[in-house]
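Chain lettering (A, B, C and D) follows the sequence in which the chains are written, and residue indices restart at 1 in each chain.
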Amino acid sequence: MALLEIRDLHLHMRSFDGEAHVLNGIDLTVDRGEIWGIVGETGCGKSLTGLSVSRLVPTPPARYARGAIRLDGEDLLAADEKRLRALRGRRIGMIFQDPTTNLNPVFRVGEQLLDVALHAGRSDPSLLGLAPGASGRALKRAARELSLAMLDRVGIPNPAARLDDYPHQFSGGMKQRVLIAMALIGRPDLLIADEPTTALDVSVQAQILRLIHELVREHQLGVMFITHNLGVVAQLCSHVAVMYAGNVVEAGPVRDVLKSPRHPYTNALLAALPTAGTARGALQGLAGTVPSLLTPPPGCRFFNRCPRGEPGCTAATPPLVGPEGGHRVACPVVLR
Amino acid sequence: MTDMTRRGILAGSAAAAALLLVGEGAMAQSRRILVLTSNQDIPNFDPHLASGYSTAWMMRNVYDSLVRVEGNPPKPAPLLAESWTISPDGTEYVFKLNPAARFNDGSPVDAAAVVYSFERILRLNRGNVWMIAGIVKPGSIEAVDAQTVRFRLATAFVPFLQVLPWIWIVNPRQVEANKGSDDGQAWLRANVAGSGAFAVRRAEPGNLYELERVAGNWRQGGGNLTGAIWKITRETATQRLMIQRGEAQIALDLTSEDMDTLKNRPGVDLLIEPEYRTFQIKMNTRHGATMDANLRRAISCAFNYQAMLDVAGYADLMTGPLPESIDGFDKTLQPWRTDLARAKEFLARSAHPNGGIKLTITHVSGLEQQRRWALVLLDSLRALNIELEIRSAIWPDLVASCRSPETLSDFFPVYQTANYGDADNLAYAGYHSSRNGNWQNPVYSNPKVDALITSARAEADPEKRRALYAEFQRTVMEDACDIFGVLERRKLALRNTVKGFAFTPVASNAPELFPLSLG
Amino acid sequence: MSERLRRGLYRFRRSWVSVLGLGIVCLLLLIAILGPAIVPHPEHVAGLVQTGTRFQPPSAAWWFGTNEVGQDVFSLTLAGTRVSLLAGMAVVIVGAVIGVFVGAIAGFFGGWLDEGLMRLSDLMLTVPSLILAMAVAAALGPGTGNMIFAIALSWWPGYARLVRGEVMAKKEEQFVTAARAMGAGSGRLLRRHVLPNIVSPVIVKMSLDMGFAILTVASLGFVGIGVKPPTPEWGSLLSVARANMPDYWWTAIFPGLAIFLAVFGFNLLGDGLRDLLDPKARR
Amino acid sequence: MIRYILRRLLLLVPVLVGLSMLVFTIARLLPGDPVRLAAGPNATPADIASVAKEFGLDRPLLAQYWDYATGLLRGDWGVSIFSRRPVLEDLSTYLPATLELVLAAMILAVAIGIPAGLMAAVYRDRWPDFLSRAVSLGAISMPRFFLGLLFQLGFAMWLGWLPLSGRFPLTEDPPSAITGLLTIDALLSGNFHALGIALQHLALPAIAMSLSPLATITRMMRASTIEVLQQDYVTTERALGLSRGKILFKYVLKNAVSATLTVIGLYFGWLLGGTVLVETVFDWPGLGLYATQAVLTQDFMPIIGVTLCIGTLFVLVNLLVDLVYGLLNPRVRLR
């Protein structure tokens, strides 16, 4: 059984102007040890997909119209808040984009870490090396030790001294390390990382990526790594899914997809990437704009910008086609 | 210095409070405290600066004077002075002091103390000094022996005994010991150096003053009160509710409506009595349209006296400048009464035969009764096609406006309370031109009236005096210098537990505590 | 119509409380304008004393009863609308004008002028405004004008700070720099380019302040400082009627309710207007 | 920290100088003639001149101010021209009553307003939110003096549950004066009977006073909670499984309260000067009543004194608020 399965996920979002079809049938499977890069431009729905797994998209205004999200076979869309809470932090860890805004500024780092560790430890005392039914004090002491160890693991120097520091006393990279520690302290099986390096300096980015890579290896995690940076994907990920306007248009092992992209959108994305050989001024871009998600055109949503579009493309949303676990494309034209 | 003593009082009461907590129930039983509610503060405890009835209340209970006043009509009665003699020409008064009289520090109240006190009030020249100003001159009082004081008056002054209750005797030793640079004013402001049956126990300015019976006071007997509280309650409605709920025993400033509401309430006695408290609307006889006597007469005829009486409630219309009950009132006097035809006749003879002018009235802000009467005047003047602008001002501003005819409004409503039961009080203060520039008589000046008042105050023969006052009243009426308004009755509400209260038409809102009991 | 305004209007209409506020304010304005023409007893408002019918309880003949001199409380309360609304508006307008002037000067010229004016407005904010207004109004004597002046004296600092902030922000914006480069004088710049941009926050603040201004006017009246009689003003009506409680409660209740209604209406409307004109303030 | 406090206290000096100059100037520029009143109804022009001289009112404005300012430093806040009592002495009598009233009102407002605002934000755009919005707008719109009158009418006159006015029963002695705040004095001296009585007297005026700060705190708290709820760290906290209660009452509350704190401080200062009407209605012997009497007699020294006293407290309360803000908010360094 796959760790995470997203099947035909449709998410509608009500707004002042009407209801937007922001996710339009997402299909994705993540297994333990796999690092999935989710790429796409801003607004394509990649972050919402990540948040949906933790069920953090507020409903209302959002509404899951169709589909399923299964974690080890358990349907998360059907789970109640209590069950979800037991999963969050414990089975699913999350890291977000901006480390400065994701730590609560008025609490000590140690306290925030401790609360997450306690939450995880309560649902599974063995995490803290305790037997079930351990006393609250023992729980607290163990949680503190685990926090220290975790900080040490993510590379915070002199962690004991820094537990009592406030977030603003850390640098951006260090904050992100703390957040990673928080996300992994409950030993989750699935890590959702939403652009965790975008807000960091390039040199720090590399350190953080290395850290994530190590930790994934160590814990055999399944990862959804959401980014718009194809370079990072190439470095870190084992698999990649390319999203456009609420659809996964191409997915598969990272080598296959990046080496031999098939979907016109993936092609355009890769072509827009400057390489050492690109001549000055030859930067490529796509003409046209993303269609309105309020009144999406029928059929393929890339149609209006697609260089290879055909009249038949507007008939129905093209499904992902290809071998399970292999390179799959949602474009009948290129498949033909 | 003064801070310390004030704090001393507070600390003393705090200690007393701590004691009280021990045996609260038992002690509360033996305490009989009378609560009076009034809207006036007692700003200063110096008896020689005192003015206003609230201060008078405290002074007459913590200090003693040569004579006191009692009965209805009011008569002088012995207090510190056991007896007195008056020379035939009325200029020399000799008082024999009660040898038992002691200040509360144990020293005797002797003639020297009396001289000292009169000299001090004359020196300070404030407070009640106006009652004896020009009559008693500095240096004219003589301590004949320890028990005898002789006053040589500068001029004969028939009501001299009537004003004496309001000049209090201080303990010279205590005042001299705390004299400072201001004749003891700073010390006496918050301390008492008297021989009265009561002493200050608690003082919370703006809120309440508590007096307690002095254990070893020279006057023994009287009522059973152990203390009294002067509670400052600014709203008359609240005063009424406090009486209703039994939280207070005497309410001093009730309105007629309050009295009506309290009627037939169990446990409440109402007292509605005529008093020498006159209300007039003075007209500016020296400036503007009201200089015209015919216009004034027209207004006097147009005024709606009945409406005035209606909104006043418990009151009587005045006939002229003097109350009917006072000796010297002329019973044959023809009052001004509402008569529109006559008003129009007078108006026709004035400089504004068709009206069409605008006059102003300025009343004391916050005095509800005055506001209502201003509304009545506004309504009355409309019949003469005269517009009225109603202004209100605080009392100091009104007093300031009295300084010259130019600053005074066309109409100036004013209450006069007789401090002593003699026609001279109201006549001299209200109509003698020497008082011009003063709120009691800002502008009115008639040499004939002046002469009448001056001769009357020195006239010892009652019949001749009455004739002089009759002439005075007719002249003033003819001048129509005032709209002679109402004589408001004194309205007091008492819980029926209060015993020993005897009404006197002088300062009845500042009752003596000595005779009172709580049953 | 701009997108922002359209969204704002939509939100305004959707919020029934704002619409209710608008309704109350319109009603009050109508009463204030028609005023003496619609009251059943205009002669009472002008000061007629009718001592025969004192303290009549509310009935079909006297909807709100009669007061201590026999005047119709309904007429007085209705007529009081004009006084309270006008005085409230005047306070806000005078306060806003002074504040905008001070704030614009401080923000635009900066330097010691700014420093001085802002310190002054900080000081004014520490002064207990009601006590100051009472003291000034009492010293100047009763009268609507004096009262308005006394209240407005401590009303402007809020506007000065608001306008100063906006002016500082706007004057750096490109179009002003551009206009200055083209040689426009300071005064012209303020008038043509800066001030038009601060109109909407100032209007929002004014509408939010209206209720409070009416309340302050009534407060002064209640303490017994304020308009000249017989001008019917709600606060003074209530103040006089206090002595009639609890037996003649109607003389107090109706003017009090009128104050509440007016302040409530303006607060609701102000809240709605803020959403309409200043969406970022809504959270 | 201590250096910060000292520095802030030092900054108080120019504020007070400015404030005293401002109020002094306004007071002296106004028309009105308190001297005449002080001199008494029968004063001659010579008496008036002597009173004016006694109070220094015949001297140039600047000289008068200089005398006043130097007097302030010596603890001489001037003398009431009406009662001739020293202003400072009066202030020390009246201030505790006002402080007690304002403190009680603020405690009520904070204790109810903060949870109410939090709840309104959590149930945003649902009925608890609409209810709290309507109630708080109503509360802001209700004139305090009218509400006070209604309270008196209902709870004191008709139902008779609570006392009509005042601070303490007349014929009983208040608990021994330690702080001057009767409830606290009663607690300190262990006199629970007196505490009960004092609280009964405090209840109606304090509730009447508390409504508008309550409404404002609720609205501020709602706004800041909504803002905090939209912060990234709240999403992180949720994503890591922290319970709703823990997020709300620990992580969100502290952030939202520190944003609301400024309003609480401002309101506290504002209430000190805003007790006038409630004190008038309930006959509460505090600064407001004192100021009203002074205003009505145009007795300027007490007015200036009250203004300075409230101004000082205002600045001190704001200093306190800044300190608490610093404690709640580690990013703020108090230096």
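Keep this in mind: a residue touches a chain if its C-beta (ideal position, glycine included) is under 8 Å from a C-beta of that chain, and two chains touch if they have at least 3 such contacts.
The chain lineup, named per UniProt: A = ABC transporter ATP-binding protein; B = ABC transporter substrate-binding protein; C = D-ala-D-ala transporter subunit; D = Peptide ABC transporter.
Please read these numbers as outputs of a predicted model, since none were measured by experiment.
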| said: Taking the mean of each chain's Cα atoms, which chain ends up nearest the overall Cα mean? | reply: D
| message | Please identify the chain with the largest separation between its CA centroid and the CA centroid of chain C. | response | A
| query | From the C-alpha centre of chain C to that of chain D, how far is it in Å? | reply | 23
| query | Approximately how many whole Å separate the CA-defined centres of chain B and chain D? | reply | 39
| request: Would you kindly tell me how far, in whole Å, the mean C-alpha position of chain C lies from that of chain B? | output: 44
| So, what's the distance in Å between the C-alpha centres of chain B and chain A? | 90
| Shared-contact residues (touching 2 or more other chains) in chain A | none
| What are the residue numbers in chain D that touch two or more other chains? | 32, 157, 280, 296, 298
| query | Which positions in chain B touch two or more other chains at once? | reply | 235, 365-366, 394, 397
| field | Pairs of chains found to touch, sorted by chain label | value | A-D, B-C, B-D, C-D
| query | Tell me, which parts of chain D touch chain C in their complex? | reply | 15, 18-19, 22-23, 26-27, 30-32, 130, 133-134, 137-138, 140-143, 145-146, 149-150, 152-153, 157-158, 223, 226-227, 269-270, 272-274, 276-277, 280, 288, 291-292, 295-296, 298, 300, 303, 306-307, 310-311, 314-315
| task | Name, in rising order, each residue of chain D that touches chain B in their complex. | result | 32-34, 36-37, 39-43, 47, 80, 82-86, 89-90, 93-94, 156-157, 164-167, 169-177, 189, 191, 193, 280, 283, 285, 289-290, 293, 296-298
| Residue numbers on chain D that touch chain A, as the complex places them | 231-233, 235-244, 246, 250-251, 254-255, 258, 328-331
| field | Complex contact set, residues of chain C against chain B | value | 47-49, 51-52, 54-55, 68-69, 138, 141-142, 224-225, 228-230, 240, 242-245, 247-248
| said: So in the complex, the part of chain B that touches chain C is made up of which residues? | reply: 235-237, 255, 257-258, 261, 304, 306-307, 310-311, 365-366, 368, 371-372, 374-376, 378-379, 389-394, 397
